[in-house]
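The structures come next, written out as structure tokens.
Next, two complexes with chain A in common: one pairs it with chain B, the other with chain C.
Take a look at the complex of A and B:
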């Protein structure tokens, strides 16, 4: 019998939601657990085994020196490393500190900041180690996670569409919330994957899957501006869960002046 | 003769949400130190919310926790609506209760079947457990899935739902959309009833704690999405009075703040507190199942929390079915919420217990100040006291067995470290 591939799941600074997606695969998780050796998945098992691992899945961003060091050890022990979610791929909502003074942030939350150790920035894993694949979303879509795991275990490229939410929305047959109602919507610049959820629930996309490839947000910003969005609204729109993704970061800064 | 020193350390607790450790130090028969150390890195939500629009808070605070995002969304909405003097309509309030039942089922379902059950049956994980007892785990997963189906339909997705907003929802589901869900929930309710019987028959250590129970209560229903705070020693508070009676302090060993009562004492929130204060308000089916599973009207054995959680799952399914059957589609999915310069407080019963939010808004609705007190911060001190008692009661056990028992004592309270960061590392240091 050939040994089963060894899978590890890691958590850095995050809300747990992306790794929870794995446990939310209620119909598939036991089958998946039969196909792989779950060598390290602390949220699910106290049987934590040493590496090396064939595939490491990483949730969360780097916000402490200890985690920056830990991710290097994880990388060294992993043949392939995939990051999942907005925290791991763009720094997450906690990357809002990158636009502020972290000392100020600490003093707001903690009476004795000296007990707390943190970095001035929240950064994606790819800024620290080589990443083999990034799966976007806040949270990720669990079907896409299953596809990525299957692909890596079978040595093929994941079939994850790279177009915009806008395309998904049209395919779903939604009435465009921007055109019909003038609602601000990041759908034209946002990476597909959610299935155009927000417009299907009568609201504009808020960009939780981060920028698509070559998003050209300046053109969208002009449209939103013409429909009543002020500069502060635009800064806030781009500065959420993927605030640290370069295209959104640049666009938010452009409207800050 | 010098006392033998022992240290028990679990550097990374398993089967909890987030990153924490346990430290216990024993000298002879004295428990010298117990710590639940939370080293989950802080994310500074209370700071990063400053300057955001009042309409963004529910989506942003959802990201504190992937397991209980609805709790954050609805506590945030309650606080902001309080600040703005807005009140939602009864149909919107009922729909909020419905989506919240889904989160209780999903979160408790995860804990009962995947995180806690392995402790009682001697396995490292539900996956290992499922090889010998597939029925237990598969049933748990189906029940959990039913909870996710509620959040998915009402909220748009199970994790960080998109449909909740200040004032209500972006879009209210139609009766036709909800009806098929009720059928799925009825099947799950039968399985949840079996699960209560199964949980009641597990072996529990004989252990009771003298808890001060704190939970929201309602006059005529089991509190979920609203209520007044009650305690086993007679508190009766509205949200505006919370901070007069409870405070948070920082301790060196944890990135989670510890909450205490003003008199310095600890308290317990969560399933045992809700059940102890309101078991009479459960649905008849849930009440009967609880009695059949051996629970009295109050349960003070933390190891039996798995039974109480199972009862709450059954109740939540019953309640969700009732809410769907009596669903009154709102005329408008949300009420208008006009911002004003004011402060507001709000709270709800997250799966792990009371979740309090306070915001101060500027006239244009910009958040000037935010305060969030998650259930695990409130329970942290009490969890450490449980640990101390469990160590003292089991001091004759060898290190490995005692460490496992201690870890189980922590998991009894389903701590959510991601939420609490402002949580826990337990070592046992026996000298």
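Take a look at the complex of A and C:
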């Protein structure tokens, strides 16, 4: 029998929610454990084995010099490296610091900021090492994670579309909340993947999956602005989990002044 | 074919019951999430009584000024194509057995027989347009064919137009002319709440024959005619189709495409709501062990980058080229491809565009500044 591919799951600055979706794959986790060797996955087992690894799944952003160094070692030990979630692919909610002075934050939040060692920015893994595939979402969709792993195991391209949320919203048969209810929705500029979860419950899309393949947020902002959204609303709309993704970052900055 | 008959409101339920008895699943307009959508209905009680819709570019709101009428609305975000050409459909699956033998199974056909209740003239034409795509020529779509064959169509003539409707200029409405089994006109006046019904096929005549009806009298016919005339007269949006193909072919480098690209989100909503758009892509997915695979077709759009992706990248990389592809296909290349316009004037793409882009306005803007005229002037 050929040896099973070795899988490692890494965590940087993040909330653990994305790697938790791996454990949430209740129906498939045993099959997965049969198909791969879970060589490094601290959330599931303290049996941490040495590399090299065939597939490394990375959650979290780079916020410390130590993590910037660690991700280089992970990359060197991994044949394929896939980042998962808004933190790893765009810097996460903690990338809000990129718009402010991190020293100011620390002095307000911590009694003894001198013990905190952190970088001035939160950045995606792709700014530090080569990434083979990025899976978006805050949190990621566990079905999509399964699809990425299945694709890796079967040496094929993951079937993960990068068009707008609107496309899956319409396929699902939802009534558009922007058009029919006047609710602000980031769906037209947001990467598909959630199955248009929020619009299915009459809420506007919050942009958890980050920018879609060719986003046009300036036009969407003009429309929302003409229909009641103020500049601050627009800044806040783009400045959430994917605040650091270039298209959202630029759009939020454009409405700041 | 027999002539028009009239029946009272309560007979509508008999009509629906008769269709159910003949084995049809009823799909009709019903209110959900603040819009009139097409879904499964049981009886006339599920129809949107008194509901109207107020539509503008990028805006849709329900109203309640339809009185007792069941069909006082126009078309909403859903179209019948979802039922003939589902948004997502597994085409085949395969499995490798213990001996490594590969078995491929074609997806069984949907054997349900549907009845569409309340198909408007524009949508009737849209179904005929999609028939050409899926049924004409060498490559017939077996799934579409099975669904379409079993489908019974009850058309309803419009008695009002939404502000986004432009069927009159496209020659498709507001009166259903062909392609239905039964066409109804709802009449609510001093003479009562009733329907004028015209058979459009033998099974339509057969269905009407089984109901309690009377021959339509002059008053019914005049009222029905006045209703559709009202709808036509109330329509102020129009698309000038005169030489539209040549117009668009001659203006592929028109600056208006840049202007619309500045507003277009490339979100794809227009293509998903359009009752004639037919583009799909297929996903091949496997399970973890690689012993099972599925080939799944889903709606795609010319607004996605993947749609024009070939080795090395997407052919239509800019929003300008994608919007231009969409509009010129609808209004021009469709004519070369299928011998008909790809637009039936239903107005859905206008209402459901999140930023209110209006195909009639875009076409008019190009016509107003036709580049050929510039050349003629230059020649003179």
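The criterion applied here is as follows: the second predicted complex is superposed on the first by the 257 of 257 C-alpha atoms of A that agree within 3 Å, B and C clash if a C-alpha of one lies under 4 Å from a C-alpha of the other, contacts with A are read in each partner's own complex, and residues count from 1 in each chain.
The definition used in the following text is that a contact is a pair of C-beta atoms (placed from the backbone, for glycine too) under 8 Å apart; a residue touches a chain by one contact, two chains touch by 3 or more.
Computed from a predicted structure; not experimentally measured.
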Open item on the list: Once the two complexes are aligned on chain A, which partner has more residues of chain A within touching range, chain B or chain C?
Closed with: B
Task: Partner chain in contact with A:254 - chain B first, chain C second, else both or neither - done: neither
Open item on the list: Quick check on the superposed pair: does A:202 touch chain B, chain C, both, or neither? Answer first, second, both or neither.
Closed with: both
Task: First, second, both or neither for A:77, with chain B first and chain C second - done: neither
Open item on the list: Contacts for A:214 in the overlay, against chain B (first) and chain C (second): which applies, first, second, both or neither?
Closed with: second
Open item on the list: Looking at A:68, would you say it contacts chain B, chain C, both, or neither? Reply first, second, both or neither.
Closed with: neither
Open item on the list: Give me the intersection of chain A's contacts with chain B and its contacts with chain C, in residue numbers.
Closed with: 202
TODO: Sort out for me which residues of chain A touch chain C in the complex.
DONE: 28, 31-32, 34-35, 146-147, 149-151, 153-154, 156, 159, 161-164, 166-167, 170-176, 178-182, 185, 187-189, 202, 213-216, 219-220, 222-223
TODO: Could you please specify the touching residues of chain B with respect to chain A in the complex?
DONE: 12-19, 39-48, 50, 52-53, 56, 59-60, 63-67, 69, 110, 114-115, 118, 124-128, 130, 134, 137-138, 141-142, 144-145, 148, 156-160, 162-163, 165, 170-171, 249-252, 255, 257, 333, 407, 416, 418, 422
Task: chain C to chain A touching residues, read off their complex - done: 32-35, 37, 58-61, 76-78, 82, 87-88, 262-269, 272-273, 283-290, 298-299, 301, 303-306, 319, 351-352, 354-356
Task: List of chain A residues in touch with chain B within their complex - done: 11-18, 20-21, 23-24, 26-27, 29-30, 33, 38, 41-48, 63-64, 66-67, 92-94, 96-97, 100, 102, 104-106, 108-112, 115-116, 118, 122, 138-139, 194, 197-198, 200-203, 206, 208, 236, 240-241
